[in-house]
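First the structure, which I've put down as C-alpha cells, then a few questions once you've had a look.
Each chain carries a letter (A, B, C and D) given by its place in the written order, and its residues are counted from 1.
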Amino acid sequence: MKKNKEHLARETSRIEAFSDGVFAIAMTLLVLDLKVPHSLNGNIPLLQALASEWPIFAAYLTSFATIGIMWMSHHYLFTVIHRSDHWLFLINLFLLLLITFVPFPTSMVAEYIGKSAENAASALYSGTFFIIALAFQFLWRHASKNRRLIGESVDESIVRGITSSYRFGPPLYLAAFILSFINVIAAMAVTFGLAIFFAIPPKKPAKSPLLPSR
Amino acid sequence: MKKNKEHLARETSRIEAFSDGVFAIAMTLLVLDLKVPHSLNGNIPLLQALASEWPIFAAYLTSFATIGIMWMSHHYLFTVIHRSDHWLFLINLFLLLLITFVPFPTSMVAEYIGKSAENAASALYSGTFFIIALAFQFLWRHASKNRRLIGESVDESIVRGITSSYRFGPPLYLAAFILSFINVIAAMAVTFGLAIFFAIPPKKPAKSPLLPSR
Amino acid sequence: MKKNKEHLARETSRIEAFSDGVFAIAMTLLVLDLKVPHSLNGNIPLLQALASEWPIFAAYLTSFATIGIMWMSHHYLFTVIHRSDHWLFLINLFLLLLITFVPFPTSMVAEYIGKSAENAASALYSGTFFIIALAFQFLWRHASKNRRLIGESVDESIVRGITSSYRFGPPLYLAAFILSFINVIAAMAVTFGLAIFFAIPPKKPAKSPLLPSR
Amino acid sequence: MKKNKEHLARETSRIEAFSDGVFAIAMTLLVLDLKVPHSLNGNIPLLQALASEWPIFAAYLTSFATIGIMWMSHHYLFTVIHRSDHWLFLINLFLLLLITFVPFPTSMVAEYIGKSAENAASALYSGTFFIIALAFQFLWRHASKNRRLIGESVDESIVRGITSSYRFGPPLYLAAFILSFINVIAAMAVTFGLAIFFAIPPKKPAKSPLLPSR
C-alpha cells in the first residue's frame, strides 16, 4: 500500500514538471516584446519614449499576471489530480499550446492598441484567454469525471468546490472578448482585473491541511 | 532491496528532467516564428494579413503537435526504462539535438510554402521528423536490448508492445518526406495527421495499473 | 507523522521548480543582448569592436551575477520555508515578474551607458533591483510571520539570522539607485559589488548540519 | 540515519535542477542562430543557400555537442557529489555563466569563419570552452577536497578516477585555442573532436552498480 501510494504520488510529477517548464518559458519570453527606444539624447526624452510605450508594458503586465494565475490554477488542480491518463496528457498539451501562443496576441495588442486595428488585436488577445479558460474546463471535467484520477483522500466537497469556482472563467473571458469590439481599453482592464480576481484566495479547498497535497 | 529500488527509481530522473526542459523550450520557441503584421490600418486589413499568414500558423500547429506527441512518447518510454547507461545518454542527446533543431525547418516551411522553393523546405521539414523517428527507434532498441535498463517489474509483453508500435514511425515519416517532392500541402497534411494518429491512446501498455510507473 | 513530514517536504517543491525555471530562463536570455559585430575585416578590428561593446558585457555580467545571487538567496529561503500558502504564491509570482523583467533594463543600460540618457537607463536598472530587494523582503516577512510556513525543526535563531541579513538589501540597492543620478559608472560598480557582497558566505544559517535542508 | 540519508540525497537536487534548466535553455537557444535564407526562387537555389551556410550548421552542431557532453559530465559529477556548500554554489554559478555565454561565440564563429577576422572569432570560441574546462576543474577540485561533499559510499578510487579523467580537458581546449591563431578549420575540428572524445564511455566510475547514484 505504501509502495502504491508512492507510485500515485509520482504519476503526475513529470506532467507537472513539463507544464512548469512551458509556463515559465512563455512568461519569460514576454520580456522580448519590450523594446529599448534607440538613439535618444537626454534622460527626459528617454523617459518620455518609455512612457509612450505604455501599451507594451500594460500588455506585458496583463499577460504575465494572467499566465501566472493560470499556472497557480494548474498547480492547485494537480494537488487533487493524482493520476494521469492518455486524455489528460492530450488536453494538457492543448492547454500548453495555448499558453505558448500567448506572447503572440500580446505583441499584437501592444502594437495596435490606440490604433485603428485595435479591436481585432484585442479580440485575438481576450479570445485566446477565453479558449484557455475553456481548456481548463475540459481538463478539470475530464479529471473530475474519472474519479480514479483524483486522489483517494480528496473529499468530494473539494471536487465540487473546484467545479463551482471554475464556472466563472469562460463567461468572464467571453465578456472581455465581446468588450473588445466596443472598447479596447475596457476589455484590457477587464482582462487584467480577471487576473486580480482569480488571484484572490479561494475558500481554500486546495490548501486545507486535511487535504494531502502530495 | 528497498534502498536499491529507490536508486533505480531515481536513476533516470535527471535525464527526464533535462529532456523535459529541452522539449518545453523547443515547443515554446516556436511562437517566435509568428510575426505580428506591421502598420495596418483597420480591423479588417489586420485580420486579412493574419489570414494570409496561414502557412506560419499551420507550421506552428504541426510542429507543436508533433513535438508534443514525441514528448508524450518519450515520457511513456521512461515509464518502462528504469536505468540509464552511457549510450542511452548519448542517443537521448542526439534525439534532443534534433528536437531543438525543429524550429528551424518550421520557419523554412512557413516561409516557403506556396512558393517555388517549397519542396526543398518541406523535405527538410519532414526529413527532420523522419530522422527523429529513427532516433526514437535507436533509443528504444538500445534500451529494450539491454534488459537491465528496463524495470524488473515490466512485463515482456509490454516491451514487445512498444517495439511493435514503434515500427510505424519511420516508414510513415519517410512517406511524408517523399510526398514533399510531389505535393507539399499533402506532405504537411500527412505530418499533421501523424501527430493526430500517434495521439490516439495505445493499447495502454504504459498506463496499465499493473505497470509500476515509477 | 512520517507521512505528514513527507507532505511538508513536498509542498513547496513545485513552487521551487517553477521559480528555478524562471530564474534559469531570465539568466540565459541575457545572452541575446550580446551583439555580434558585423562585416569587420581582420582580427584586430573585430577585437576592437568587441572591446568597444564593453558596456554590454559589463551589464550582462552584472545582471547574471545579481540574478544568480538572488536565485541562491531564493534557494536558501526555501530550505527554511517548508509550506506555502496563497499569499506566498502571489508574492513569489510578483518576484518572478521582476526577475523576468531584468533583461529589459539590462538592454537599456547596455545601450545608453556613456550617452546623454545614461542616468535614466541606470536608474531604471538599479531601481528594478531595489524593487526586487523589496519583494524578497515581502516574501520573507510573510513567511517568517506565519510560523507554520517555516519548518518545525528550524530554530528561531536561524529565522532571526535571515531577517537580520535581509535588512541590507533594500537600502543598498536604493543607494545604487540614487547614485544613478550622480555617476552611472559608480552606480553600476555598486550594483556589481552588491552581487559580490551577497555572494560572501553567510554565517551559514541555512547550511548548518543541524538544519534539515528538506 | 535513514532520515539523514534522505536529506543528503535531496541536498543537491535543486542545484541540479537549476543547472539542467540553464544547460537545456543554452542548448536550445543555439537554434536561433540558424538563419532561414530569404526570397529564394526554386528548390536548388534554396538548397545551395543552405549549403553555403555550412559554417553556421557546423558551429551549431559543435556547440550543441560540447554543451551536451558537458551536461553529461555535470550529471556524472553530481552522482558522486551528494552535498553542497556555499562555494560549490558559486563555482557552479560561474560555470553556468560560461554555459549561457556559449551562444555568443558560436554566433561569432558562424559569422566569421572563412573571413579575415576568423582567428579572433575562433579564439573567442575555443577560449570560452577552455575557461569552461577550467571551471569544471575548480568545481571538482573543491568538491573532492571537501570529502564531506562526496557521498559516504563513494569509493576513493572513483574520486581518483574522476580527478584523473579531468586532467585532459584544460590542455586539450588550450590546444584548440592556440590552433585558432594558425588554422581555424583545424581548431573547429579539434573542438568537435573533443566532444566526441569526451563522449566515449569512461571506465565507468559513475555508472558502477556498486556506486549509489543517489
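Operating definition for what follows: a residue touches a chain if its C-beta (ideal position, glycine included) is under 8 Å from a C-beta of that chain, and two chains touch if they have at least 3 such contacts.
Bear in mind the structure is a predicted one, so any value in this text is a computation, not a measurement.
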Farthest-lying chain, centroid of Cα atoms versus that of chain C: B
Superposition rotation for chain B onto chain D, Cα-based, multiple of 5°: 90
Interface residue identity across copies chain A, chain C - same or different by half: different
Between chain B and chain A, distance of the C-alpha-averaged centres to the nearest whole Å: 25
For chain B paired with chain C, centre-to-centre distance based on mean C-alpha positions, whole Å: 35
Residue numbers of chain A (touch at least two other chains): 17, 21, 25, 29, 32
Touch list for chain D against partner chain B, complex: 9, 16-17, 20-21, 23-25, 27-32, 34, 36, 38, 40-47, 50, 61, 64-65, 68-69, 71-72, 75, 78, 199, 201-202, 204, 207, 212-214
Of all residues in chain C, those that touch chain A in their complex: 7, 10-11, 14-15, 17-18, 21-22, 25-26, 29, 32, 85-87, 89-90, 93, 96-97, 100-101, 103-104, 107-108, 111-112, 115-121, 124
